[in-house]
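Each structure below is given as structure tokens.
Below are two complexes that have chain A in common, paired first with chain B and then with chain C.
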Partner chain A sequence: MDHSELTAFFLALGLLLLVARMLGELARRFNMPSVLGELLAGVLLGPSVLGALAPGIHAGLFPATPGFLTGIEAVTTLGIALFLMVAGIEVDLSAILRQGKASFVISLFGMVIPFAFGFGSAMLLPELFVGSSAVDQLLIAVFLGTALSITALPVIAKILIDLNMYRSDLGMIIIAVAVINDIVGWLLFAVILGTMNEAGQTISVWWTIAMTVGFTVLILTVGRFIIDAILPPLQAYTTWPGGVLSFAVSGGLLAAALTEWIGIHAILGTFMFGVAFGDSKHLRERTRQILDHFISFIFAPLFFASIGLQVDIVQYWDTTLVLVVLLIATVGKVLGSLVASKMVGFSDRESLAIGFGMNARGGMIIILGLLALQAGLIDERLFVAIIVMALVTSLAAGPAMQWIMGQRKVPGLVDFLNSKAFLPSMRAHARDEAIDELVAALAPATGLSREEVTERVMDRERTMSTGIGRRVAIPHARIDGLTAPLIAIGFSKDGIDFDAPDGKTARLIFLVLTPRDEYQRQLQILAEIGKLLRSDQAVERMLQAETFVALRALINSEEKTQGAME
Partner chain B sequence: MDHSELTAFFLALGLLLLVARMLGELARRFNMPSVLGELLAGVLLGPSVLGALAPGIHAGLFPATPGFLTGIEAVTTLGIALFLMVAGIEVDLSAILRQGKASFVISLFGMVIPFAFGFGSAMLLPELFVGSSAVDQLLIAVFLGTALSITALPVIAKILIDLNMYRSDLGMIIIAVAVINDIVGWLLFAVILGTMNEAGQTISVWWTIAMTVGFTVLILTVGRFIIDAILPPLQAYTTWPGGVLSFAVSGGLLAAALTEWIGIHAILGTFMFGVAFGDSKHLRERTRQILDHFISFIFAPLFFASIGLQVDIVQYWDTTLVLVVLLIATVGKVLGSLVASKMVGFSDRESLAIGFGMNARGGMIIILGLLALQAGLIDERLFVAIIVMALVTSLAAGPAMQWIMGQRKVPGLVDFLNSKAFLPSMRAHARDEAIDELVAALAPATGLSREEVTERVMDRERTMSTGIGRRVAIPHARIDGLTAPLIAIGFSKDGIDFDAPDGKTARLIFLVLTPRDEYQRQLQILAEIGKLLRSDQAVERMLQAETFVALRALINSEEKTQGAME
Partner chain C sequence: MTPDEVATPNPESTIVAGVAFSPHAQLIAATAFAFARRLGARVLFVHVGEDVETTRARLRAMLRAANVDTACELILRSGDPADVLTGVAEQVNATLLVTGALETEGMLQRIFGSVARKIARRALCPVLLLPLSVHAIPRLDRVVLGIRAGEEFSGMLAFTLRLLRSAGQTRLHVVQEADYLNRLAARYVDEREATEFENAQRSMLADTLAEYDLTGLDIEMDVLDDSTEGIAVIEYARRIEADLVITQAPPRALTLRDRYISHPADSVLFSLPCGILLYRADSTAGKE
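Here is the complex of A and B:
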């Protein structure tokens, strides 16, 4: 790369990352998967929008020189390979085995039926699906079947966590099924890619299948054993956590080279290495986190944004194709999963929820589509239709499951805070004054009378004082007519006596008001606050927050990282 | 990149990382900087060794196709840019200001004198230094002066931490001086690069200087202010820690694009952005750590290893040049720093220590040398001589300072453990039996009589019991004739009464023996163990270690990560 290519290289990467992450955060704010925003960033900066509106600027930002293009390709290729490793690490092999028969049955039907839909459609409607592609219709049909049968593990896992269903029986079944789908889907796809060389000719299918299965079996048995044996001495005798990090990344890269050499794609190598690595009981949460954070927030957004750079979605938009793909994908997947779920004994409602959950396609299918596009297997129109299908099914899965199961996203403490209810220096010197002062800050939001609320809180206080020690008090009450929890936070310089077991006065006071009937909710919030302030240092840190924003940042990050350190 | 280039791409990156980190760890084991091992990995895998011994394998591993070369270049270029950002984050701006005049005086002399040595040598001995280079002798002289005047901040910081001198007055002075040297050196170098375009012609020096100074001033004032204002809302309202991570990396990349566009190198942009970013008081330790760990252990080794791929050090080895560069570098730097240190009031011994500390060149000068080589400013012979000089001065700095100041590397707890002195299931049921059992495990290593040592420990025990609660006891004694501390660790299934304040029996027993005269040492070790076992969970985790390796891993990682979470 020469001087001007290097400038463009850094500018393009910086800009893609910035816009991708901003739109990703925006998507999350509207309870949508962040991958949506990241893809959109590429569409905006790429030929579809910026290229159409301001071709000059677009050409300057993304010069079509070989050095620049190869440079960006190298970084995004590395990025997606590492992202698949992180996705592999998240797979819980033992959970799959525990769920046993049920998940295999649901997997089977959940794949076979959409596969049949996809395969059949491509065979029946060649002019719609094959289009200008030079590849054999049969291969495209197999590809479409495979693409429709995959479920997005990261997306569905995220939805289940949001719905507080991840650890439920239903949740574990869905995860197990998604993992099996993922692995089988990738193997199928690897075979498709392996049967084409660059010229589009087919080489021995059996060799590719044998090598793929051989690699998978070896890494999940011998590889897993070796990794499990190496991790303890690595953690004991090398720099922590650098030794394990380098081992993981170099192992993933070498596995990528191996699968690429076999003729299936590099990302199957990193994914399988990730599964084997993540399964070791010696792997520390911290190692997992460093890999996850850096890769998911830097490399993955760069990759997803770069997709939009490669195709002009306006030019290649085909409404019929988009709708047909969306329809067969959804009907096939929901139907297949629903039937199988009923068979293994789930209720109608649960089966429907599983069906819509499995329907989320998310990131994996986009990667797969891009590889197929680059290999010349599918054309741009089908690629655009697959991307749209992946996004719509992912977006629909959460709301659909929520509606079917009647469960809502679990809000965190930060969702109940507001800047008016933060009193960094309280005037009160006694318990009743303090409570009144905090209630006054919340009362306007409740529409209730200040006196009434104060009295309810004091009632509670009289039955048993809420000073929990460590200079913290958590007065609270359930209030008639309240529709959502509210929290006020006050700091007292001199301390207020809340009759704590350790005899100390409270400097940090959380007032928690919850709706009358939500006893469980109240307990949860109180437990959360207790966990947040589990040590003297945590209390001290909180008391040093000078603004509401600083306080919210502290609570936001403490909530997320708790239990992160082993 | 086509299929075979992609295979080579992943294989090369995986192999470089693996070998670089293995040799890096090996170097650390011998108390040498890990960059030495990382560079050596490139030399071994590159043209110097593998290329000479097995040209076929070398050509297969590193094919000379444009796609592969650009791909590797993209990843290592990104790597070094991000590494410089991390180095910038470590800079403590306020420490520089606090040390004020003294550090400026030492910086000045510590740069001017070696600059004069380097500049003078190149002007007086053109046939040695200029060689076959087509560039103006004056530019080479300025470059050599600059190269000799830079101090390696990361290396010297690491040495000071190892010697337990980082927070001392002397340590802070050295750090402050190194930071100033770094910044001034980079500015000088940027100007040199800016005055050459690719053809070797000079463009307006003043424009480059003005832009460079303008950029530096802007990012350290306006930029710093903006970063400081953005961080709190970013931490409060975006995914934690993803929001801050993406902001940091995209900001660094955009700064890189800007400086590259100005005509100075991209890495000055990321470095300066890092300084501004790291200075924000809102930056959390955890963000810093994720960036540091991933970049220092993945990207930096890849970059340093890739250097060895680019030059055949055997072919370009010039003994005279190597020795001359080493000599003028060391004499100039030590002399300049020593004189200045004496001037501002340090003792002879301290001044000499500062001199040798400042002499460490480490990673920065290697990067600088590589850029100069790529820009055609210097030839391969001088590049090899500069690399050797950087390594030798870095290697010498630690031992020299240690010898001068009489301080030793501070060992951690793990250095006092040995596998024979770990008793996962003790037989003892009473305090004296337990102590005797642990002493028996250590006695062979001390050469002392078991009875004598047991009695010393029991004597101590009788004055005040060492059960510290939380099911832990730390019996200990200072022993005549012992030369180094020794620790034995035992687990008791049923618990042994050590008369703890919380009334619980001890299940985890650390026996600590230290040399007779090292009272301070003993206190330190006891405090370390107390910190290690600061919570019930920490004790529980330790008790679950089944093997010595697992136990050592736990202590190793706990020691390193303590205080890491805010």
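Here is the complex of A and C:
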């Protein structure tokens, strides 16, 4: 790159990242996936918008010189590779494999059905899918089948949390299924790309399969043991966490080089290295977090934005194809997951909800699509359709699930409040009296004996005090026989001593009763209240509420502003 | 259980200790003997090797050197060390099996399994493993009880309390390890919300403990979510210089799959800063 190319290169990268992140954050504000904003940044700066409106500026910013293009491509390739490594690290292989046979059987169903839909459609409608691509129809059909069977793990995890199914064994099986589907999906995809090497010429499928399987087995056995042996001394004798971070990235890149060299795609190397690395007992959560943030907020946005630069979405828009892809993707995945969830024992309604959750594709499938496009496997029209499908399925997952689960939104704090259980001026002056007073306000709603509930709350209080500081106390207990969580709120003028860490008395008291076995729900409620009252100002605002309606409105609005989805 | 009950000798209850010829064996013997006295149990020493008079005499001398009552029973039996020890423990329906362990397990031991790991897997009763780094009989003044969210642990807690009370100790650290689901959930909350998430988890650990009778104990608790299961509790023990870690034993099966996918209770054995007691529920319940 010469001087002017280098200038353009840095300018383009800086601008892309800036706009991508800004729009990404904006999207999150509106409860939409940040990928949407990041893609949009590329579309705005790329040929579709800026190129059409101000061709001069566009050509100046993104010169079509070989040096510049190579530079951008190198950065995005690196971005993809690292992004997949992070996705791999997310997988705790041991935890997944410990789930046993059931999850494998279900994964199979969850994959075979969407695969069949993708494969079948491409075979039946060659003129629509194959289009101008010179590649074998069969290969495109296999690709489409594979692409449609991949899911987005973060989306699933979030949905299970929201549905309060996360802590259950069923929740774990669903997570395991999603992970297994992903691993198998990427393996299949690596085989497809491997056979595509040498500009569309098919090399031996069996050779690629053997290499893929061989590499995977090797890295998940020998590689995994080596990583496990290296991590503890690395953490002990090098700068922490820097040492581990450089080890992770270099390991991922070396694995990429190895896989590319033996003729399977580099992404499989980083992904599988990530899986082996993430499985290590010695990997700390903090290390994973730093890697994740570094890559998800720098490389991933650059990559997603660069898509809009490379492909003119307006030019290659094909409404029929977009709709068909969306339809087969949704029907296949929802049906597959529905069958799978029914097999584990979810109810019809829950299964359908999980189906729509699994339908969310997130950013992964876009990466898959771009790699296929670069390899000449699919044409731009199909790629655009895949991007749209990924976005729409992700956007639709949340609302669709809420609608299925009985047209009610995921319960928040406000749903557990009760006007009779709001005591704007408590009479009590001591902790025990305060608890008794709040329990008395809730007791009629529980149908349980007041003494019994008080005793449970007091038992809990004796183990560890529930004064959290900032003049707030959250006494709570898990109660047998309760069917839904209940919250009572009391204000105390003079303050009540709850033995808080900051030594201040509590003026705002939340009594939280949850059903005995709903561990995850209780965790959510307690964390939610903690978040709600994070600052002194928030506590003060809450104490200003004079009526139950005012208090409910306040909690409702604070919850909304904080609850932005990823 | 009250302290008086503990002091009553219970002839039904037996502690089995595996001893070899090493300076470390003296510590194992002394620990087993001390625990037996505290719990009012009899102790049975087992040596893996041929039953010849010379060996027997040397073992007796070793036990004497360890200040162990020489009236204690001594069994010599040849075979695979893990098989012999767990076999004897099963025969006498032992309440506890005491033996040594490697301080750090290398890669080979992880794949092929160390003797300690085999014992931990196969024993029907709780197993106390003393690595070479331990030089004194655990006084039980810094005991760490490692539990996992949503897992029932009343049996293990009762056993811990019995040990603590028999040693006249009151301090107990209860730590809860985050499993994959919990760590995954924590990843999808905002960094700023992570503190609240952690506080809530801590608070709920207190909820769980509130369900047990812990009168007279000085409890400290923590939720560990930076490391993986098994490793986290050991790191905590190292940090507070604990003298014993008590946690659930791994499942009894030891298949090829188990060697590849280690259970959290296996990872505990990777590197031991102190003694570890792997608890297994009532010995009769484990039999198939």
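By definition in this document, the second predicted complex is superposed on the first by the 380 of 566 C-alpha atoms of A that agree within 3 Å, B and C clash if a C-alpha of one lies under 4 Å from a C-alpha of the other, contacts with A are read in each partner's own complex, and residues count from 1 in each chain.
To be clear about the criterion, contacts are C-beta pairs under 8 Å (C-beta built on N, C-alpha and C of every residue); 3 or more make two chains touch, one makes a residue touch a chain.
It should be emphasised that the depicted structure is a prediction, and the values quoted were computed from it without experimental measurement.
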First (chain B), second (chain C), both or neither touched by A:S425: neither
Which superposed partner A:L523 touches (first chain B, second chain C, both, neither): second
First, second, both or neither for A:T221, with chain B first and chain C second: second
Chain B versus chain C as contact partner of A:L283, first or second or both or neither: second
Which superposed partner A:A236 touches (first chain B, second chain C, both, neither): first
Which superposed partner A:T319 touches (first chain B, second chain C, both, neither): neither
Of chain C and chain B, partner touching more chain A residues: B
Which superposed partner A:A477 touches (first chain B, second chain C, both, neither): second
Set of chain A residues, in rising order, touched by both chain B and chain C: 232, 282, 284, 286, 289, 566
Chain B - residues contacting chain A, complex: 1-3, 6-11, 13-15, 17-18, 21, 25, 28, 34, 66-67, 70-75, 77-78, 81, 198, 232-233, 235-243, 245-247, 249-254, 256-257, 260-261, 263, 266, 269, 282, 284, 286, 289-291, 293-294, 296-298, 301, 541, 547, 549-550, 552-553, 556-557, 560-561, 564-566
In the complex with chain A, residue positions of chain C that touch it: 106-107, 110-111, 149-150, 179-181, 183-189, 191-193, 195-197, 199-204, 206-207, 209-211, 214, 219, 221, 225-228, 230-231, 257, 260-263, 267, 270-271
Touching residues (chain side chain A, partner chain C) in the complex: 90, 92-98, 154, 157-158, 161, 166-167, 171-172, 175, 221, 225, 228-229, 232, 280-286, 288-289, 292, 456, 459-460, 462-464, 466, 468, 474, 476-478, 519, 522-524, 526-528, 530-531, 534, 566
